[in-house]
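You will see chain A twice below: alongside chain B first, and alongside chain C after that.
Entry: the complex of A and B
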């Protein structure tokens, strides 16, 4: 055998047992199926909403008006989801701002301060809270939170009306972005807490001990070791919560007045988000308006997908660091 | 002065499960004690117990006449002025060398500027001032060792506990570091316990050797 031949790479054939091959096929199919379903949903929404994007172009995303005009003449319709997109982002932002510090505190308490039994109970409660249907949150928000937020809003507005986004000229409070955001914060709290708890729990124990061994308090060890270690994981968890808040439908539908104007006044009883727009209009939509709702669904789908993909990337990065 | 006021005493049961054992140890200030014994004999557990990272199962730890752990009293690690140099050094990977050394004084409430000055002085004392801005991941074993020593000594501890202090250092760097460490351990009022498998290290650092069977 010549030297050149002996240096050629060997051809390796891997023979897997039948059971392994069947199992691989089953799980690969499962993974592919979810991708196919995702692609089918996107394709369907694009197919049904394409006419709207052709008619309105980028104006569909930036426009504030949603007016079907003469149902017999589609050229009179003006459809834009700009106000709803702003509402989606505003309510989701409020939700994250409120939920994040509570989620961090809850995660740190569960992981580093609570007795073992209480930890088990709290973890179960959080898992349960994440599984409560949105409509239950919505009804509770409407029946219990709405009157409370209405009176809080009056107080906040009276004392802080010099801040532009707090000022409410109409003095009509109630089903506002603040209420919807507050309710959404309760809904995303378990998600963020759960991810934060997991990443904080992975903080290197030897570095925590090293902090103690240098005279650190428990808070010092958490501040200098645990929090920096969990930063990227926390960002990932927050973005998962953000994705949920952006796409929430029923809870926002019940707690936020649908008004087609861009509204940055968080206490004013006006707003809406893309998902609640679809829920509100779907039942009585004309065929052309239905296409508009499909197009709105596609935009929401794209935004939520982007946020979730970003979250996955960030969480994976934090796991690699761990 | 009462003799107990200059002694670290550990008497009782330490560890859990297979690491559980009875100990009786007195460490007089200025007389470094070396601990030898096979793996799993409880040497590291003893260091952790003295530092407050683990609790005594029964008995007590008394430091300079003050009970720091006896079942009813437990002083948190931060209140003991007791530092540990771990076998794997455990420098904080996300902090520069200077910030690693500042960490101890900051934990004890020193203002930022004072902590920085003390860190610079401590690094200078161990011949590592030029490493101040480096990150731990870029240091050699010997450099890390010097930084860990500076980080331990900068807090002016009453007790220093060294777990295999030269485990990460090559044999060429050991003599100089051993000399440096021996000088540091002779500081007045300092109780020192050194765990090592290397007889030469123990001869160079400890005045008394105790065997953990």
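Entry: the complex of A and C
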């Protein structure tokens, strides 16, 4: 009979050869570099934008006006990104609301309804859609979608102008938050679809079969098994899409009229978002204004990073459940 | 007593498509098409969109009507099947419109030497038989190549750190790399502007490539991580059993096994950045001539499109479409080659 001591696991010492120690050091430093870059981005934007936060405080986030005043005298400047933040959130919200049902339908169709050959085609087309450059979405939105949306907007406004956010007193439509949101919805649709497809495809086969065995129709099985199973993954995918929509620059720049007023009228030709503000003002910015743009970039960075971190957590959790 | 006769029963396969169902679906589509044609003939709706809209509305309604006598469950089922089908095909419609518009408008900009000349002696409003996109194509290729050389080793390293080394911060690195993939491209550009452009080089190809690196890194490391996980542990164990060090195992066994996967990772990273406009506005800016000087501003396809679009002249806008066509084809080529490579990797049964 052995004593208690001898049952303890043998202590193993690892002595790595020199090659391995070098290898591991190099790999680690390479991996940590990406963290350093992330920290540097936040640090530098904060460093350059700090003066702005000191000068305007919370008013920088809520303020509507962006006016550099007298370029020689920085105390005359009034900088605020309130209107742009509202625009970012509004267009991204419109995009998600439009894209979500279509993305769910596409994911369900690909996983449960489509013939096999069509499935490969649709998957490839949607994956390619995610790779189309945003400037091409932008130029298409400007040339093709703009005239369409303008005529739709007229019709919608004529019939529904009793609803506050649809009414447009100035009767100027065109480059509106609705157009930008619609275009963004096309851009985020493939992202949401691919996440949704993944989680719907992981729905437990035995539960689906069990509901068939109980006499359920296909829709019954989808409603009672697949959709509840995929809910959290879908939320995560939607947030990934939201993050993309919040940070989009060129497509919004081309399809939204930059106006420094908080505009909730989604059909009116006025709006803007933080990213397109940076792209617009950057060219002829004074040094002080540039700091303002850096601060705006920091706010955008913080918002999208928060949304994406949350989305990552949600998607990962739904994967673990699966 | 009646004799029990074994009647051969053919097993039914309810999951298989039957001819009756096929005929029913065909009739549904035909019916919806007729209805949409009627609606378009009678109302203001017209054109492709009008037909599509009427068709999309008619199809679920017809599906509902045709199955309503079979009870509520069946009716709901066929209604939602029709709705899902119509909605998911609707998601593909804009993409075909994009492809068609870019092709139609872009091909107008093409002439015999559109791809082999630049804009150094041509102004954007000049007739369309002068100038070209050579400077933009070469600029994009140069900056993408630079970014690839920097970001692929870094991305593979962080994937190795997570999968091979299982380092202490593996979870953190993985999490933050994923989060970094969501950094808006203009913020990446702004960062490079605030550091490199202002303090060192001014607007330059280097700065553009660095902005690309920030955007490529998450894609590359994420994809390489996924393919690294495909390598069976037996392979590593066999190598260790032969006395190989971890470095040797990685370089001689693991990485060669997934070489095509790493290529896919690089291509996906390139496809991610090749069309980026926003960061280049702040970093590489634009230059009208073909150039290989990395310390000077450099043209790129997205900025070529963007700046021509901003000029408003009709010839400039046609040039923007031409650039879009070239860019779209470039992205398509990258996309297809990534697909082919990853299919090859799958065939190896890793």
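What we mean here is this: the second predicted complex is superposed on the first by the 292 of 322 C-alpha atoms of A that agree within 3 Å, B and C clash if a C-alpha of one lies under 4 Å from a C-alpha of the other, contacts with A are read in each partner's own complex, and residues count from 1 in each chain.
Methods note: a contact is a pair of C-beta atoms (placed from the backbone, for glycine too) under 8 Å apart; a residue touches a chain by one contact, two chains touch by 3 or more.
Everything numeric in this text was worked out from a predicted model, so none of it was measured.
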- Specify the partner with more touching residues on chain A, choosing between chain B and chain C. C
- Query: What is the contact status of A:105 with respect to chain B (first) and chain C (second): first, second, both, or neither?
  - Reply: second
- Message: Taking the superposition on A as described, I'd like to know which of chain B and chain C A:87 touches: first, second, both or neither.
- Response: neither
- For A:228, decide between first (touching chain B), second (touching chain C), both and neither. first
- Task: Classify the contacts of A:206 with the two partner chains as first (chain B alone), second (chain C alone), both, or neither.
- Result: first
- Message: One more residue to check, A:214. First (chain B), second (chain C), both or neither?
- Response: first
- Task: Considering only touches as defined above, state whether A:63 meets chain B (first), chain C (second), both or neither.
- Result: neither
- Task: Considering only touches as defined above, state whether A:305 meets chain B (first), chain C (second), both or neither.
- Result: second
- Task: Please write out, lowest number first, the residues of chain A touched by both chain B and chain C across the two complexes.
- Result: 212, 216-218, 220
- Note on the structure: The residues of chain A that touch chain C in their complex are 16-17, 19-20, 22-24, 26-28, 30-35, 37-38, 40-41, 44-45, 48, 101-103, 105-106, 108-110, 113-115, 122, 124-129, 131-137, 139-140, 142-144, 148, 186, 189, 193, 212, 216-220, 222, 240, 243-244, 246-250, 254, 275, 278-279, 282, 293-294, 297, 300-301, 304-305, 307-309, 311-312
- Note on the structure: Per the touch rule, the chain C residues reaching chain A in their complex are 14, 17, 49, 73-74, 76-77, 80-81, 83-85, 87-92, 94-95, 97-98, 101-102, 105, 153-154, 157-158, 160-162, 164-165, 167, 169, 172-173, 175-188, 190-191, 194-195, 214, 217-218, 221, 245-248, 250, 271-272, 274-278, 281-282, 302, 305-306, 309, 320-321, 324, 327-328, 331-332, 334-335, 339
- Query: Where on chain A is chain B touching in the complex?
  - Reply: 206-207, 209-218, 220, 224-225, 228
- Task: Flag every residue of chain B that touches chain A in the complex, lowest number first.
- Result: 48, 51-53, 76-78, 80-84, 86, 88, 90, 92-95, 103-104, 107-108, 151-152, 155
